[in-house]
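This is the structure I have questions about; it appears just below.
We just call them A, B, C and D in the order they show up, numbering each chain from 1.
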């Protein structure tokens, strides 16, 4: 979904709060009374959870509040509603670190999309537990840090990884076929991580999903992009997609077909995240696609 | 999308008007100030057409305005906005006439879905230019009118059809594989008509799409549900879907696969319409699915 | 895939045997030397299992061997190859029993497709553990047997079910939303059973898949048709398909969308089976679709 | 579909001939009598065209005929059958020229897939009517020829293009978003050309398909890979695929979504071609996928 170029920079509020009457009116009034022009508004009510979730995007041009006063002003409205909320500006480009192991297809795909203008982000850092993909980083002019991981060194290496995330002021880590499990401690300290899992979760969670899909004789395989939590492969799902396979497809074919799925699904999930279209609650997501 | 059963009857406003600041706020305030609880709100701005389109659904329980005063009250808001709008109540079941020729798959499907509670509508009338499907009408206890059409009799038969639509107080005609073209005059007098076309429009518009798809050697075929206009197969598209075919599929296979597409696509389009999720402008639709 | 009507009745051989040189030649020669015209031939080699699987269909018109001599004649070729094989004639209509519980969508769909000529089978028997769907059986003129199942009566009721299958000379049982588990003993005595499972197996095997899919927050749901084995939900998969869902879909929406999947997937699997396109080996299928 | 690595190099025959009894047997006997082990065999009969089409692939290890004698030997069988046929060896890598204009997504994708081992081909030449993508060619170490085209220079430039194809011994030209129409004369002289068209042909043939798809308000867009003939956008279709769009998608979104389609569909078509899975007859293809 594109805003027209004429709309210029926008602000986006992502809000979740206990459901109650008047929420749409209160939030819309806040923007209207300050001269804002809403370009996109989505809302969802989870009646079971009694939760209201909304995403509102409006043009900054003509908005009466200066940027740094929007958050405090909205806070006065949000507090009595017991709302969780985030405020984003479309011209603040998030800083992304891409983590890889040896496979390059998701990395290449993200780099190409960023260059092509499909993903509004900066990529100052590529990190890997292997040295193999350094030439790609160089080709795109991005710093590459090789941090090998062994069971013995994992704790100290994660400390180094966290330090690099801090040093590069990273907002989001994208695990683009990074074949290591992050520790609970890491996830607690840096919770903004998107992973691509090469199966249609919850089917074939864990290792070797293509081999296991082949053995089970499924007729469709999938890929899943999700936020990483302390429970492996159990985090909130952002996006999934599938492709048909047949008895003619060997494990190598599942892997090949899966690569296309993985790069498409991961790219869509990252795009949704960058456009602030994803709200997480419990172990679920609302994606205002 | 289900509303929870606890929400009871709802009112839905479908609104389109020239884009301007404050529309979301004004509409939301109208509902909130009268004590309404919004359960769904969707909006879309077509920046090229400078048009704002929205669908708002709220619970009638606890709403302060009696039903017959909602329209006049909202009109006072809509007029200065130069808005086109419709108001619907979820417990007003639209009355549908299904028109068929000789094929029964879409008819059966709609009847089954209505009985299964998937389509909130009444079906008091089935009309056909052939007598073949009368037994199905009887089996479901629905009046069946056989009105044969020839080039010579078309005008007078359409007059009779219009009379029947009036007599049965029909809100919407669903052409469920009715293989006759409606005249411009008919469409002008009764514009609420949904048709299922057995191709992926605009490909293979007109007659014999499966034969022509076969001859062209396409690898995917489709079906299209659209509102009927005076330009054959050119009306606003509500829903489309496709299925993969191969060299192994003969024309008979395209027809068989197409039947499944047709009943799915038509059922979805009718459901969207019945739930007041479709807004038409120009030759396009917004479907708040 | 249709054979042309001009081809008349056909014979089909389904063969699996240890891979070795010359298999295609030997089988094709058998048919050619007897004057047969092959209309379809498919083969697959599983190199891991070192197994060759093939399906050959030829016109009976002009074939020199009378029907009852084809099997003995082919057996002379098959034995030295250590082949498992089946021979089917396209004008021998298999006799199907459809088993249901309370939901009617798959039943209706199969009955409609049989009448429409999509499924070449006879349906002399509908069986259910509930009385609810008897009117549908009557409407289509099919015997309906109501056999309630309780934990205490299961063994004797299954004995009665087996007796009915024998009495009606049933070739295949289709579990069209039959919500009871068949005992290992039953499956051993009557192994030709196709089931439709309302999830994308192996995800959400077991009970309440839609509820569990909703709780997990998946973005795609599926359905799976498989042969029944003694291991619940673990039998060889014949066909699967999926549909996209979003945060807007409640459990009731998953159920509704799933119904469409279930009837499509089950119908395709039954059709593949009836056309002798499915070969089972290990826990896998080859579907020559 | 992978052959196992243990199978080594293979030979593939693609054959089309008038349908008659004994074709499978004759071809299989040719391979078996020379000691060949068939690893894949597919056949199709177009009963309307009375044409038999087949693809047979067998292991060269253990085959009694030397490579250069296979063609003459098979010719003795093919001539009396009035067969058209091609013989390919899996270790003869076809030489591909990729033609581009300014867009890089299909180019990058093909280059990545070739490197990743998904496409068994050599790419000695990239040609373009623009200079923009030369850096990509350099990065992958491939010759880049910039041949600008104007209406006045088209004839002589095509002569130069044909000379380059000859000089580089090119087997296949892949138009990877090359935005020029090839002349009838060019196609006659070099008929092996695959193009990717950014619409679901035959819908929106010609220019600006995304703009026109947007204006028509379709709910699904597509891409089509086809062999180029003298009739623009009318050549035999190899592969198509589609993606769902909604009212939220502007033309820029259709273009973005279309790019993913284009690279997937083109890559699949090129792969089918390289694996000798495509047979053309009339304006149709058989793809033994």
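To be clear about the criterion, contacts are C-beta pairs under 8 Å (C-beta built on N, C-alpha and C of every residue); 3 or more make two chains touch, one makes a residue touch a chain.
Everything quoted here is computed from the prediction, not taken from an experiment.
Pairs C-D and B-C differ in how many C-beta pairs touch across them, and the larger number is found at C-D. Rotation angle for the C-alpha superposition of chain A on chain D: 180 degrees, rounded in steps of 5. Note on chain placement: the centre of chain B and the centre of chain C lie 36 Å apart, centres being C-alpha means. One finds 42 Å separating the Cα centroids of chain A and chain C. The multi-chain contact residues of chain D, meaning those touching 2 or more other chains, are 4, 47, 248, 250. Of all residues in chain D, those touching chain B in their complex are 44, 46-47, 200-204, 216-220, 222, 236-242, 246-248, 250, 283-287, 289. For chain D in complex with chain C, the touching residues are 3-4, 6-7, 21-25, 28-29, 31-33, 35-43, 45, 47-48.
Those residues of chain B whose C-beta lies close enough to touch chain C in the complex are 1-2, 4, 104-105, 108, 112, 116, 118, 139, 248-250, 252-253, 256, 259-260, 264.
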